[in-house]
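Chain lettering (A, B, C and D) follows the sequence in which the chains are written, and residue indices restart at 1 in each chain.
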């Protein structure tokens, strides 16, 4: 076994000293005041090794990373039916998601662009009895950790300023690809995105996707095939228009959030999570991306 | 002078006998049940001749035709400042208005596509004391006719189903090109579109644009230059992606509405209005378009 | 009658003194060295008044202005059949003509964007016995002036560097919208664009479009309806993505060329031509546009 | 070890009996007459197992599969410099490659769309002394098989009809992203695409990408990192706008060609090749895709 502690220690030390730490996202007012020197990494392997460094026990807003969890719950609920309402192809575009949605008649390209995630939120709203509670319960069970929760201030902050998401949801509604009212779907969606976790908790939560669908407590959450497919989607679509770059440089399925978190995993081997709030121009955590590039380069571990 | 009565009589007779009368718009539920055999034409010249035929005294929903009136009021209120928030170029696209709005950072192409008209509605909302009352007053004064009014059922019908307009308004808001709340702007916008007039009333209302900016009562509503510019905009952008076709076949500035109305005018000469609820595939009144083609062909009158 | 001499004298004097004269086009190497202080205007009315000022007797490359003449010849040859292969709608886009051509399956939006003009060139190549000679003969006859000619150096310069036109022509070919070989069509097209005229000659050449289709020698070149339609197209599509702006500010049908020429006309009244090689950012002559704005503002003459 | 023979036998038998075998590509005339009942599969593992079934020893035109080999040669020649002229992101679009190329100023999205592959061909043309011979030599060495060759009739067939590729190449040239003449680059490109191989030969040729960059003869062709990156690119971009679907359903890096061939591989484990000329609506071999889906489902082998 490689000396993960030494490798992660080197990476954390090297990147902590960088002066360029990217820009903290400002479009969600509640997230704008986060200290961009925060930097944590957490690794957990299938065979039981676990190690964290830096700010890996500080909570942050997981934001878009929650889209993967919402998708996994939707698949657990209604299976492959999900794919009648959302695609599995990369969007290829930074700028014009709504354009694509118009051309493709209300079927979002994939569940990780905002319009796709809003469709998934609509599914959860239709199938969960108490959507917010049930979804939080699902996450806490995945992580085996009842301290995980929503941040209502963040949810509210997005609700007041998230006009682009309202635009997307209304467009979906105009194409009959939302069952519930726009307000209700977005209310749930903003809560989902406001979930807070530490690197360590995030790592535990995603463990099931590296572990053939079985979560920490060894309960089956998804079939092996379902887990495989979600991993494939993270690889293709997990980093917006930088997905190809991430596959190319890092070579792991993963997902980033505008709060500065990233989760990546090597199926049957490990989950690694990073948090550094400064983003690169494409909206992905700058130090997080660099951490993962260094990690897969040094360890020679990747799916390719 | 040409024998307009005979010419319009021939046109009305000829087109009334057509079996293909187009399709009544169904996306606004309240408009879906209109009889598509309705067909009226009304002509009024600058030198005082006036003649109507067919259903020219039956009210219909003017819908997008109201965008020209709203624009004229906005210009009367704040002048050329309007053009800081909306452009004067044709959109060239039937399908992806939102796409263009994203690429062009929230500045709608022109005031006659929906997103542009929503910006104009926002201006009226900011500058009118009692927006709905004041706007209706403005229209009644133009037409010298206090019987013109809103249709609240139609406004409500659009409010409940107009998701695409909500999408556009939220997108505008996300680009800081709406001052007022989305709900308020659209509430006004749907009322504005729900105005009902007969061909005769519509003709009187638009008379000022053929008359150097002076309305029926000979009061100045706009300067000559302002009227000229609105006419230019109707020519370039009045018929969605059929604007070039209309310029080419008819050769008059004009504006159509999904309720089946069309107004067209030859500056310093006449205003002509038509109403026939059946639309062609591009959303313009089928018999209305044909009436105007025949009229300019038979009279040899056009701006070109 | 207005004092056109005084008006044009004022305009020429005022604009000659401007320091910002725009940028000379550099993408056609042969045109890059033109003196941007050149500035001529020429007016001719239907009732016989004619007046020129500044460099109105110096030849320049008419470039895209030739597209109107090519279209008129194509219509003279095969009539309305032309519209089976090219549309009449504005393109609405500065940047992605090829994109639109792909989406619309090889039917160019209108005959004044490059791809549309290449289709027209293909028609002329198919129907003229000696295409270059016959087309030049047509133009000389319109102008009643045998001194008009091609500039072979300019044609060659475009042939060597016009990769974007080769791209467009090949794309048209892939959609079966070119009958002749790409090389042959572009050879003709580059010659057509290389025609040189003075403001005065250009004015005479376009006289037929202001004169119901009858040229200087009073021979019928087009029917009145055909002339009207070409004028409508110039209004809608004559100035690329600034067509709406030109209709709005000037209010005349017109066409510009990258060589700095502009022709505009008021049907049944006059033709006015300008030449000033410095272009604005949208590729239209800066002083030419300003001249025409001032002219229609001062004279109150426009189609609107 | 799994019983690959039995698994592949089952798959071949099952799919051979399907009545829907897709449509043979017709846009390259020379390929239009291929028998769509042809169907071969070939598997070779890193540890030495090798097995073929059906028409796995019949030659076919590898077409776009050659793009991976051309890229690998370009990387071998000039390393990471390649990425200054072509990107690594999926294009996300079936229809408007040229559109994207215009918007992105001549930098193709990735080396597997046609415009990207043309840039790679331009690089090979600049850096190889005898481009066609040297490239064929490179391939024969990879496969350790000197019987592999070009099909000049296919190359010529594309040369005469490949207008869309001429359009792309000219557009690249207009953005200064081709060093050599359009004709020369496409001449090489069409030869490259015309290479013919059997499933068995194709398998041997691609062995190095599953084998850390080392080819059959155990010579190093690429570094491990370079091989990893090409695999990542195949995963993201190997199947046009069906790349996400392939990652999702199959979960292996791979590349298809319009001749009906597909190559896919699991790094450090195996290479699998299929040939069945009938294509699905997205242009990928119908039976080939189904073979690989069944293979990864039955064996539970994938990168995810």
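By definition in this document, a residue touches a chain if its C-beta (ideal position, glycine included) is under 8 Å from a C-beta of that chain, and two chains touch if they have at least 3 such contacts.
Note that the coordinates shown come from a computational prediction; the quantities given were computed from them, not determined experimentally.
Q: When chain C touches chain D, do the two copies use mostly the same residue numbers, with over half shared, or different ones?
A: same
Q: Using mean Cα positions as chain centres, tell me which chain lies farthest from chain C.
A: Relative to chain C, the chain whose C-alpha centre sits farthest away is A.
Q: Between chain C and chain D, what is the gap in Å from one C-alpha centre to the other?
A: Roughly 47 Å, centre to centre.
Q: For chain B and chain C, let me know how many angstrom lie between their CA-based centres, rounded off.
A: Here chain B and chain C have centroids separated by 32 Å.
Q: List the centre-to-centre spacing of chain B and chain D in whole Å, with centres computed as mean CA coordinates.
A: Centre-to-centre distance between chain B and chain D: 55 Å.
Q: On chain D, where are the residues touching two or more other chains?
A: none
Q: Sort out for me which residues of chain C touch chain B in the complex.
A: 87-93, 100, 109-110, 224-225, 227-229, 231-233, 235-237, 241-245, 247-249, 251, 253, 267, 297, 300, 302-304
Q: Using the touch definition from the top, list the residues of chain B that touch chain A in their complex.
A: Checking each residue of chain B against chain A gives 95-99, 102-103, 163-164, 166-168, 170-171, 173-174, 182.
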